[in-house]
Amino acid sequence: ACSAPGGTAAADRAPAAATPRRGGRLRALFAGGGADETLDPHRVNLFADAARAKALHDKLADWGPDLAAVPRLATGWEPGPGLDVWTVRLREAAFHDGRPVTAADVLYSYRRIADPKRAFRARASLEPIDLAASRAPDPRTVEFRLNRPCAEFPNILAAFGAYIVPEGTEDFRAPVGSGPFSFVSFEPGRALLLRRFDGYWDGAPHVDELEILAAAEESARANALLAGQAEYAHELAPATARAHASGGRIGIVRLRNSAMQGFVMKTDRPPFDDPRVRQAFFHLVDRQELVDGALSGAGEIGNDLFGKGSQYYPAGLPQRTRDLDRARALLREAGAEGLRITLDTSPVAAGLVEAAGILKDQAARAGLTIEVRVGSKDTYWKDILDGGVLASFRSGAMPIESHISQRLLSTSTTNATHWRRPDFDDLYTQAQSTADPVARTALYERMQRRLFEEGGLLVWGFADWIVGHAPRLRGVAADAPANTLDWARFDKVWLA
Amino acid sequence: MAGVTATPRGWVRRRLLLGAGQVAAVPVLVFVLTEALPGDAAVVAAGDDPDPARIAALRAALRLDRPAVERFADWAGELTHGELGRSLVGGRPVADHLTEALAPTLLLAALTLTLLVPAAVGLGLLAARREGGALDRAVSTVTLAVYAVPEFALGVLLTAVFALRLGWLPPTAVGGIGRQPAALVLPVVVLLARPVCSTARLVRAGLLDAMAAPYAVHALRCGVPPNRVRLGHALPNALAPVVQHLARTAEWLLCGVIVAEALFVVPGLGTVLLDAVAARDVPVVQGLAVLFGTVTVLLNLAADLAARRLAPRTEVAV
Amino acid sequence: MSGPELAAVDGLRVRVGARVLVDGVSLRVLPGRVTALVGPSGSGKTTTALALLGAYPEGARVSGTVSLAGAGGAPIGHVPQHPGTVLNPARRVGVLLRDLARVHGGGPEAVRRALRDAELSEVDGLLRRYPHQLSGGQQQRLVLAQALLTGARVIVADEPTTGQDPATAHRLAALFRRLAARGTGLLLLSHDLALVRESADEVVLLADGRAVRTGPPDEVLCAPARPELPPVRPALRVRPVMVPTQAAPVRLDVTGLTARHPGGAVVLREVGLSLRAGECLALTGRTGSGKTTLGRCLAGLHPRHEGTVLLDGEPLPRSVRRRGRQRLAAVQYVFQDARSAFADHRPVLDQVARAAVRLRGRTPPAAAAEAAALLAELGLDPAKAARPPGGLSGGELQRAALARSLIVGPAVLVCDEITAGLDADTRASILAHLADRRDRAGLALLFVSHDPAAVDALADRVATLADGRLHPASAAHPFGRQGAAPPG
Amino acid sequence: MRRYALGLALVAVPLLLALGGPLLVGGPEPRGVSFTAGGGHWLGTDFAGRDVLRQVLLGGRPVVLVAVAATVLGYALALPLALAAALTGRSWVEELLLRPLDVLIAVPALLLVLLVATAVEPGPAGLAVLVGVAAVPDIARVAHAAAVAAASRPVVEALRLHGESWWRIAFGQVARTIRRTLAADAGTRLVGALYLVATAAFLGVGVGPDTADWAVMVDRNRAGLFLQPWAVVVPALLVAGLSTGTNLLFDAALARPGGRAPGAGRRTPGAAA
């Protein structure tokens, strides 16, 4: 397998994209990270960080709408026979200061990310690479040596936060990157001003200037957009979208499948160590009620598997619907009737607490008593990693392979379901050393069937990510789940 | 002598001394409280990727693996050199955070207070003209009803009408106040709404008592015009609690207008505080604690001075 | 001399409930004349005068007419009976005066003149003080100065000399004459017959709310009419002055008492005195000389002092807070301003009885009965005392205040000007009562007074405060009427 | 009686709802789409697709209980403190009583509630305590400022001299003198307590963020204000009625008989009485 198909996303755009206009300043609103924001692209955490980083920098690859890797700074990649050596060719690209992007820059950036002392988020994604052994045979070629075979190596190149910066960069107060926009000024927590980079390898952006503004409050973003203080507002509430969808004052774009919504059950703890109890939960939920109540209808129902719509998703599995009799029977079999369970939740993301309340009511109909415990939103993910038995859960989009490797292996670091099955791990290892895509797809399907039957993750829905934009802003991609290439991509939009 | 300080100057000096102690106590209290919070900056920074190894590495990188006492001592040591330290999250100097956020906060607070005092006193005077009269009841009912509307609801409402429907004012100050000074109007109105009501209530209550006091009646009899009696004779006596309330309002304006800041995108101290607590960014929280402590002590001192001046009799209390 | 009347009351009737406070009183205030309204305590003087000002007791039903036609819309100057309450506690004296001067079109010069007229100019730093930093007499004169500043053509002065020493009172009488000479009409309410004789052109004698006699002072005050206004009976002097009380134990022993006011002003310097059981020491002195301060020191209300105060040989805590019930009961003080010592909202009788409950452990009903009896003895109808203080006349309140202190059975009693606002009859009965206590119960009295007759009647010894020091008074001129005492 | 009418009318509806509301509702119903009007829901649905009417009926009791309890508690703690400080003659006692509160004041109330509540996770009763305690410094300052003047009146000296107990002096005299100021402060503080609870709920402490509670409803349903206003408007009106009514009742109870300032009386008595 070599370069994945897809190419740049321009091809997928709506026909309205026909006549881009040049010029103007585009103001985009994101929920900012406050006065502590930095422009260090390896430190990205929030959507606002990612939007800023991708305007200034490039990754070797990025994710397409189906979460498959699309080449960016890399023109392509070639595995060695054992899938443990990958050769990546770089395209001819330049940083904003005119220096070419070279293999040395790539190795420097990756080594910086992987530096254990810095604890960058992307470090875990680069973990399969043996960076000490990787080398640059020539300025435009990087040879990555891996610790173990890895058929999904391109996913690593597209990893969240794996941006390429010029070799030796440590100071990011006025960052230099190879992205579509170059740096002008930055006020943390308020505004980042960027200018079109005419030497961008993928074609210079249409707009002259891009300003990324911060507004933590959703209503503030909506109001600013409505009043013409910005042309793009990221992350609007479903209610706002509904209220303004038909008014014509703003355009609404729903980025489908952007966030998985679910509950995690600890598969090694009573009562969920009994697969029948887990199955009972799979059957007692009314997914549509959850989508309506918790997501205000802005989303679609899930089928207890991660990654709807992405590569390797087993779309053929039957959609689960509520079956209270079945749930009650399973509970009876497991001797778990009338159980009291504590459900952890937290307002860490929209809809989580609402979903918990709804699950509580739904479980009551199956004779279970659920007590909702609202925890601190700052430490929630850490708290539920090993604490409690049942908790609200959500996740942004990522490739199914990443989801499995990060959350479902015995060695996974964020295995909130405590799903540790050696045979499952084996299947994963096998898939990673399988070069044949068809055989690999089959292996992924086997893993996911297993999870569908007895996994610990109850996926009840996928939330739309709602983006609002001024009517004169054209070319906003609609089929780009959050964190994929075309999401928050400002080099291909223009102001009419 | 029963330990009553005689001179105002001695009293102020002692209060300043006590104030220094209080300013020192605030960060200690806040430090203890933040330490008592679950999680630390490393856990929060890890967010939805709480890989234990990563958290440990973060902790080591942020030097959070040392005992709390040691960390506090370090911070206090730096403070004695005038250093507020650096943010755990972004690594920027805490002083930068504070000065950046202070400007919009000061602007909002100053504007609000300059409008608040005349508005509240005016409304209070109006209501106290005739207790139980139509005007009193109208003013009382309206102010109370407004008071019961929470800031965000009022903010949403005003924005909808004046910014979105009529288009008279910008709805937010996104990108900075400097670009659009008119963006201050709505937040100031929202910030004003509730304090005006509560302050006016206090003014009214104090005025009614003062106007019924024999000295007000006497002043009227001496031919002092009623309005002058209200403003010049009764009002000073009504003001002591009002001044305290105003000091608390000023403090709230300086330290905690989180909702208005969020609603209108004016990133001031309240936002910084909330962010810092959420991120367990202890140095920033501590820096704010020092700032708030100082502000509080000074404001309270000013209020107490004013109150002493307004109720001079207190100095002879047995 | 008399032109058209400045103000007049005609057939005034004021009723509260079934009680008639004022019953058909008529009087007129003429330019250039001083009209005095005299009569026993509770006879309706204040009520009548207030009617002239347009104020009535709460819930009163009023008939008759009040006309102010001649005053030309200008305000009526008023010196109320209790000056302490009408001075704004939050404003300095200077501000209070300048404010009035500005309203009535005067400048600093007017303020200075008013102060001089009201005998206040000597008090140093006066303009920068707050009203509570003045003595009782100074407050009274301050209010008088305010009345002068209004430039009123009619001035109503309700007991304007109660807090003044005789010398000052004398000069105030002269002031009233001067004012009259300028064409002002004065209505003077007073028990001080000397003052009335000195200054009034016409006297209206009230009794039980009725005007029983009207005419020039000589006629009205000398004619034997009911009610009589007898001079203090010499019979009061139960013992000869010279009877040595050496045998009685020393109750109160004060040495080296130095008292300050905030700001450091020393009011009393190294004052020493001792009081035996059954002894009465009269304390006189110019107004503002520190009499009240001394009394308050003894009562524990002015802890800002040095020196020792021994009660029965034991040191008395400086502050009232640190005196136990016994000591509180042992040393009592009767406030100069009776009105402000009572809580507004509770019946006076209850407040009197409450002292017995607290300090003598009486049950409430027993205390109430005792209080009623004591009040009756002091000539105050307990039914009147069942009203809150606002419903009592000045003299009635004064007696209630005395009763409140007497009811706890004190060993030492400091009386601060308790006879100043009383008619001769009432005064006599009070003095008799005190003398009786002194002799029978061995009550030690420190009797602060400007009233020579009362002092004569009651005191074993007289001392004068001047310059912050206590001087034994010369027998001949205990009051320094000729100005022997330094100004206060 | 007439002066009570408006206050009573305003307070009656929310109080009756708070008392009787919970008795009128049945068990939970399946949820609909959030923020919709109609569809069998008289007042539409709320942010979680629940029937607003049902939430309104359920939501009064906690509001009334928590807010009232918190305010009462705040006063129960702060008032004695303020009075003690005002009545003590020793300035060091006064400083000892009041200065520590300044330290608390320096921590914004919301933050305090947030910090403590996150650390100890209180229930509704605990939250009331917390909100009450958080209000103590404020109340104490206002009450103290009003009380010092009242405490230095001669009548207080007289009461002391006659051996009156501290409680009677403090509450019977000083607090009574400043009751109007206290009522004005307490009346507005009630609302503050209410919304502090709501904000805390939204930030995840105290009561659950999906609790039926009028204040929480106002806060949580605001996103849908333009889709379905009733979910915000109805509870907000109830809260406003409650607070306005309570305050007007206070006013009416404290009004001087006749409702006029003394001295404003007629200058000339009429002929008849």
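A, B, C and D label the chains in the order they appear, each numbered from 1.
Definition applied: contacts are C-beta pairs under 8 Å (C-beta built on N, C-alpha and C of every residue); 3 or more make two chains touch, one makes a residue touch a chain.
Just so we're on the same page, UniProt names per chain: B = ABC transporter permease; C = ATP-binding cassette domain-containing protein; D = ABC transporter permease subunit.
Worth saying up front: this structure is predicted, and the values here are computed from it rather than measured.
Colleague: Counting one step for each move to a touching chain, how far apart are chain B (ABC transporter permease) and chain D?
Modeller: So the least number of steps between the two chains is 1.
Colleague: Could you name the chain whose CA centroid falls nearest to the centroid of all protein CA atoms?
Modeller: B
Colleague: Write down the chain pair with more C-beta contact pairs when C-D is set against A-B.
Modeller: Between A-B and C-D, contacts are more numerous in A-B.
Colleague: At what distance in angstrom does the C-alpha mean of chain C lie from that of chain B (ABC transporter permease)?
Modeller: Measuring from centre to centre gives 49 Å for this pair.
Colleague: Would you mind pulling out the distance in Å between where the CA atoms of chain A average out and where those of chain C do?
Modeller: Centre separation, chain A to chain C: 88 Å.
Colleague: CA centre of chain A versus CA centre of chain B (ABC transporter permease): separation in Å?
Modeller: From the centre of chain A to the centre of chain B (ABC transporter permease) is 40 Å.
Colleague: Chain A: which residues touch two or more other chains?
Modeller: Touching at least two other chains: 219, 376-377.
Colleague: When you check chain D against every other chain, which residues touch at least two of them?
Modeller: 89, 118, 149, 153, 157, 160, 222, 226, 262-263
Colleague: Among the residues of chain B (ABC transporter permease), pick out those that touch two or more other chains and give their numbers.
Modeller: 2, 4, 37-38, 156, 216-217, 221, 237, 310-311, 313, 316, 318
Colleague: So, with touch as defined above, which chain pairs make the list?
Modeller: Pairs flagged as touching, ordered by label: A-B, A-D, B-C, B-D, C-D.
Colleague: Per the contact definition, I'd like the list of chain D residues that touch chain A in the complex.
Modeller: So the residues of chain D in touch with chain A come to 28, 30-35, 47-50, 118, 202-205, 208-210, 222-224, 226-227.
Colleague: For chain A, which residues count as touching chain D in their complex?
Modeller: 218-219, 237-240, 242-243, 286, 289, 292-294, 296-297, 346-347, 353-354, 356-358, 361, 364, 372, 374-377
Colleague: Sort out for me which residues of chain C touch chain B (ABC transporter permease) in the complex.
Modeller: 53, 55, 74-78, 80, 85-91, 99-100, 103-104, 130, 132, 143, 146-147, 149-150, 152, 261-264, 300-304, 306, 318-321
Colleague: Would you mind writing out the residues of chain D in touch with chain C in their complex?
Modeller: Residue list for chain D touching chain C: 89, 149, 153-155, 157-165, 172-173, 176, 257-258, 262-263, 265-273.
Colleague: Across the complex, what residues on chain B (ABC transporter permease) touch chain D?
Modeller: 2-5, 11, 14, 18, 21-22, 25-26, 29-30, 33-34, 36-38, 130-133, 136-137, 140-141, 144-145, 147-150, 152-153, 156, 160, 197-198, 201-202, 204-206, 208-209, 211-212, 216-217, 220-221, 237, 240-241, 243-245, 247-248, 251-252, 255-256, 258-259, 270, 273-274, 277, 289, 292-293, 295-297, 300, 303, 307, 310-311, 313-314, 316-318
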